[in-house]
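Shared chain: chain A. Partners: chain B in the first complex, chain C in the second.
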Partner chain A sequence: MGIMLVLMLVLVCGQSVIAAVPDPTSLHQARKTLVVLGAGATEKTHSGLLASLRTRSDGHGGTMEVVKSKEAAAKSFHFRKWDRWSYDSLVLLAPDLTHLGGEKLAGVVNDFVLSGRSVMLTGSDEMSSEVRDLAKLLGVSFHESFVDGGSKNTRVLDFFQNDGGHAEQILATGYADDAGAILSDAAKKKPLLWSGVGSSLGDDNPLAAGAVRAHSTSFCPTRKGFMSKKKGMGRFVGAQISLVSVVQARNNARAVVTGSIDMLSDASRRPETSNAAVCEDLTDWVLGYKSLLRQRDFSHALVEGQGVPGQTQEVYRIKDKLRVTTRVEEWSAAKQAWLPFGREDLQVEFTMLDPHLRKTFSKDLQGTYVADVTAPDVYGVFKFVVDYNRVGYSYIHFEEQVPIRPYRHDEYERFIVAAYPYYASIFSTMGAFFLFGLSVLYTK
Partner chain B sequence: MAGGKGKSSSGGRDHPVRAEPQHGSSKTSNQEKAQVTGNESQSGIASTIETVSLVLIAAVAFAIRLFSIVKYESVIHEFDPYFNYRVTQLASEKGVDAFWNFFDDRTWYPLGRVVGGTIYPGLTLTATWIHWFLKAALKLHPVEVKDVCVMIGPLFSSFTAISTYLMVRQIKGRGAGLLAASFVATIPSYISRSVAGSYDNESVAIFALTNTFYLYLKSIDTGSMFWGVAASLSYFYMVSSWGGYTFIINLIPIHALALLIIDKFNWKLYTGYSMFIVNGTVLAMVLPVIGFNAVETSEHFSGFFVLALMNGVALVKYLKRTLTREAYKKAFRLFVTTSVAVMGVVSLAVITFAMTSPTLRWSGRSLSLLDPTYASKYIPIIASVSEHQAPSWSSFVNDLRLAIILMASGIVSCFRPLTAGSLFLVIWGVLSVYFSAVMVRLMLVLAPAACCLAGIAMSDLLEVLCRSYHLAQPKPEDAGRKEDGQARRRGRRRNSGSSQQRGTIPRPLALLGISGAIFALSYHLFHCSFLGGEGYSSPSIILQSRTRDGGVYIFDDYREGYSWLRENTDYDAKVASWWDYGYQTTAMADRTVLVDNNTWNNTHIATVGRAMASPEESAWKQFRALDVDYVFVIFGGLVGYSSDDINKFLWMVRIGGGVYGDIKERDYIGEGYYRIDEKASPVMLNTLMYKLSYYRFAETVGRDGQDRVRNTKFGNPDVKLTYFREAFTSKHWMIRIYEVLEEPLLEQAH
Partner chain C sequence: MFKDVMEIAGVFTREYSKTPKLLKITDCFILYAVTLAALQYAYMCAFGSFPYNAFLGGFFCSVGFAILTVCFRMQIDPSQREGANKTGNLERVFADYCVACVFLFFIAISYVG
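And now, the complex of A and B:
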């Protein structure tokens, strides 16, 4: 089972599914990775990457299997058997691959991702249309040229930021501002040597992000080496071009999509480039060795108000003071354990239609997130929402429904000062009526 | 003299009193004594017959409402009763205190509803206490809350018959009382709201209405403070039961004002009226749902205005009695000047106060009564309710039958002579005719008035006929007719003592008239029990149709759908539907709903209406934002069930469009009119409501199949759903439940 799937939290009705699914830690250790190599001598050109993958896989208690594309495409290769997946993650270093285990590549890998498993997809200017389709299903569309007759795959060019004057050998520095969730700061210090087919991400796709984007001088020639002036061609120009895309599905399955298999090669791993570090970070991320979060132990309790302080109630009253606590843990591949999450930008919202309040958690010494909130002066069916949505990290979305009730009829304040004139008027009227009655009845 | 005559059909209790001096003058004191004893023994028989008749009428009132149990089963009916039933369960399980402070978090999601403060608690408390009494005091353990709720309607109909009897007897004598009671016990208009299972506010409120009127009339008749307080307590029960109490609080001042105008003011009226208004208003303010409305909204102002006027009149009368003529004239002038000035200032203040609200402090429902076009212009949600429509003419005849025919004659009878009580009936009758003509629901207020007036008319008619019959009896040529001894005896007495000859007709005509009246009454009763059995006993949650061979076919789709929801969905799942089905969903499926039949929040209903009227994708986003898990629609196209959501759809559009500007009614109108066939507007064919209703419909009836409600082909046989998944469709396709899908795991590039 994919570990990401386990982290998926049920959004509805405030019930966490964690209890219902086996402990992710045990699943994590049984991690099986499949690496598919291209038709050429990929084994040799990418030996550095393979070695690094192997080391980490062994070190983190997983297994890794490397197959050639021809072998992997055959029907005899069991990638999916009787609807069970033989692997937990997939690294495709074969841009020409069209089939996997006898099934069409795009379809089978799409199902693989939907089941919560992760994939690293690499393209090149010789990639098959299946790879292209698969990228599209993941939300990344590789550039296609409109050149008649020629290859559909057109490389990204940059005449200013390149390596040794070769416009196709781009030196990219447009690293995403992901606060280290995917790319470490060390990797971002040097440029990335990149050569291949660019891609664009939809504007309205919240799941995909460009881990490395092109420089503003980069472009993809769509018409015989030049840009077309047509409208809507913006995605072929500048920072709109995503060189390395990261996708995290809503079930926390991860995918890395890049149009450059060369970026991963031994030839690119030079001291003046960051390729080695970037490749290591990307594979760490996609294989779930980093930035993997889980949330647990959400609770709320009364601090001050109607009821016993410190007790969790099903219903609170308006203006009660409440304490919300939760724990968020990050998977440490090195220690093979869940450790408290370090960042402090986790927020809780108290929502009824709209958030009525939003508060940043503070952390206590045990790494538990704590927030004290005051229920708003509005009754209704509220829900606590913890929604942590940062590029690179697993999504945390948790809701718990908590109705807020109005005052009972006997909980309002009695004998308020402002009402004394009214009390006085009532009692004086009663007294006057009594005297009046006496005078009417007993005087003649 | 206790007055009263043997036959239940005769009117005027003052007859013997009038007759007596004549007896005395022509006969010896012994004879007179004998006459008195004779009368007393007769009144013993009379009161026995009267009591037995009344008990029988009450029994008929109860029994005629049990058709629904016999034909269907002991279930709660329709829509609103389900909510009443639900809170009654709560009140009987967790106590009245829990009910009073009930915050319902399973309805109006996510707003919730403060039930204690927004409900008329009379019905619920009545049922809870009856249940408690049966269970705790009488130790009847198998009695369930549901059975009590089902039986509340019939039980209170019996009470209504009794209080109607008391009221009309007060006004016009015993015969009229019994006839009025028998009319009110069987009138179809009232049966329709009080059959067994129709556990709604109206079923107790009509009793409270007639009882309040009875006690009030008693108090202004006797001038007793006791009856005035009793009337205000009864009014309090009415206020706690039904929003229709505003009818009482306006009718009584109008009546009092009319009495002032025709110079029938007396101290009895003053005592009764002021006791009623002051106590009644104070008591009404106790209820959270009324609160300060009882003194702040325009519906209640007339009572205070008349009270002030009555005090002025009382002061003037007092002055006239105590002062000399000259002093009185001066004082009167002074009083008129000051009171005009004071009233001017006060009414200016009141008008300023009323102007602070855009509706002049009238509630929407009251405004739509005063101006019948108001609701359709400004508040579609009020206009959309079927019971707020104007009734058709046929329903007056159908629901009131003999009562509406005799009503006019009853009004004439009330003027001979015009007393405070009969004037009250006249005003009640005339006003309720107007109100019921505006809103079909208020036929219910007309029904008892029509019954009282019809009872009086029938009683007068029978009295004239019987008197003519008896007057003519001793003539030799008629002596041989078969009559029982009692009638002969009474006839003789009446004949010998009577000098009044008014309104007599020849005997054969009288006989014919009597038999005609008996026939009309029997036929009326036959019609009423037929309507009660066939027309008004359907619980509307279970439907029945006749098969070709005369058998009965049951459509139980509603309960099928609700039980599917209850058994197959998460307990916290949110279910969206049009508001009509909200109460049923919370009560029967036990799932959280967005809107329900307590239409207190127009905006929230408009939100649901707008989503239903939106294209699929946009509707999906709206429902997702409201955390909706399931949507269901009622679809009658397969079996021809006409009150389905497609027929209600234009109201959704109107109500949605009333709040959200992006919904426009004209977009949904096809060629010429609202239609769903090929000529329907493309917007209409694209709405969620259309798609959910006709999804896969072509698979059942074929691409050229007919929608059996609209009797047309349907416009789009190839409905495809992307964001909703069909979860359940009931046997006759009447209830179709769809699941709102989660967001897709991956977003594809285009």
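And now, the complex of A and C:
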């Protein structure tokens, strides 16, 4: 019995060690990528995307594996083995997929994302309910029109902004204003040829954002091609429809969800559309080739106050002047190195329950973020908080605790000029007392 | 109106001149201490209460001195003496007064910082 218990304990501990969340910033680019091809996507129809993925994967020292959906669904395919993941990124070009490595797709990919890994999910009007469930887990709900107890996928229609009069072939230009974190400016210059099932971002997932949204003239139709009047379908109309959604989980796992597998195909890669550039940017982003940040070398030091200037102290005094420095680096896939981050909207907060002060860092020549702050006139246990949440970039959240103490009894200022009248009054009163004593004693 | 005030002042001067010389001197010092306290209060109002402890020290030193001197004056005033207190114990009262004042100054000096 005892031996059994010990054995179980060892097993449990061993598993938890293996299942530890990897640090996405330490994975670098040597990632193992799995591409699953299914209905509507073959090596022939999507050769452009696959070639571009292959080039980048090889160029960055990673590996890429392409499998058919039938092969990937089988139990013999090891996507996860003994709680070890065989891949770091997953590109699903298989809307019909229901199982992956013998497990239900939504469950296993959800675990995959929870472990900090990235996934690109594509739907189409042939997508399985598992793909739909997985998108829902990521905070993106695909449109569905219900027919006689079942449901059917209908493509988004737009009778105004389309390609060659085909209402299903939308030319979308509703790119998100993400300052180049996901989609580059070059990709935003031309319209995106998109055809597939629309989706809506629920209010319950603030981590999901629309990278490309539909026109105000677009709508998700009913089976017969009309706009639905049903309650709750209002979010599948106009610019509320998200054509391409991006999700960045709190563990910095990334996901791209699009309802159009045709958007990624060779047929859509035309000179007048930006599909090639958008696909490149989206895969760059989701595979961690861009907008990947890491923060390091946080330090604080005294500038002016009690103690040696320039030295980091365990405790600071109220109203001391402090200097906070940190480095934020962005991964450059081209140079295969961590380079100083370019943006200047990083802030530091000095918090005790509430932020007592908040300051925007300025950058010095070496790319180090520097902020000079004055400790507040409140003592207690404070913490420096660097919190950076921008669409497309990795989250940065850093806290360091720093106590602030009050003046010691002998550290207060003495002989203040403003107090001289008070000192004088005391001494003049003492003088008056002396004179009064004399006059009392010698008055007869 | 003005005549009334003049009359009051006249009566006051006449009656006050009857007080002993020692009490007049005492009154002078009380007046001085009260003026000093008022000046400090005005200074604080004008220039802010930053060294507030210093203000409290200086202000209450003057006020305290005025109060102690008033107490002293009450004890040496012949018109207010009664019965057993009648005989000249000026020295004893003055010694009490000295001890109280020294104590007051000690506290005031400690408090102004």
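Basically, the second predicted complex is superposed on the first by the 368 of 444 C-alpha atoms of A that agree within 3 Å, B and C clash if a C-alpha of one lies under 4 Å from a C-alpha of the other, contacts with A are read in each partner's own complex, and residues count from 1 in each chain.
By our rule, a contact is a pair of C-beta atoms (placed from the backbone, for glycine too) under 8 Å apart; a residue touches a chain by one contact, two chains touch by 3 or more.
Just so it is clear, the structure is predicted and the values come from calculations on it, not from any experiment.
**Student:** Quick check for you: in the superposed arrangement, does A:S425 touch first (chain B), second (chain C), both or neither?
**Tutor:** second
**Student:** Which of the two partners, first being chain B and second being chain C, lies in contact with A:G139: first, second, both, or neither?
**Tutor:** In the superposition, A:G139 contacts chain B only.
**Student:** Is A:P376 touching the first partner chain B, the second partner chain C, both, or neither of them?
**Tutor:** A:P376 contacts neither chain B nor chain C.
**Student:** According to the contact criterion defined above, which of chain B and chain C contacts more residues of chain A?
**Tutor:** Counted on chain A, the partner with more touching residues turns out to be B.
**Student:** Please work out whether A:G180 is in contact with chain B alone, chain C alone, both, or neither, and reply first, second, both or neither.
**Tutor:** A:G180: touches no partner chain.
**Student:** Determine, under the contact definition given at the top, whether A:G305 touches first (chain B), second (chain C), both, or neither.
**Tutor:** neither
**Student:** Touch test for A:P355: chain B only (first), chain C only (second), both, or neither?
**Tutor:** neither
**Student:** What is the shared patch of chain A, the residues that chain B and chain C both contact?
**Tutor:** none
**Student:** Can you list the residues on chain B that touch chain A in the complex?
**Tutor:** Those in contact with chain A are residues 100-101, 103, 105, 109-112, 114, 116, 288, 570, 572-573, 592, 625-627, 629, 742-750.
**Student:** Would you tell me which residues of chain A are touching chain C in their complex?
**Tutor:** Of all residues in chain A, those touching chain C are 412, 414, 416, 418-419, 421-423, 425-426, 428-430, 432-433, 435-437, 439-441, 443.
**Student:** Contact residues on chain C for chain A in the complex?
**Tutor:** My answer: residues 21-22, 25-26, 29, 32-33, 36, 39-40, 43, 47-48, 50-51, 54-55, 57-59, 61-62, 65, 69, 90, 94, 98, 101, 105, 108-109, 112-113.
**Student:** Hey, which residues of chain A end up touching chain B in the complex?
**Tutor:** 11-15, 110, 113-114, 135-141, 200-202, 204-208, 247, 249-251, 253, 315, 352-353, 379-383, 401, 403, 405-406, 408-409
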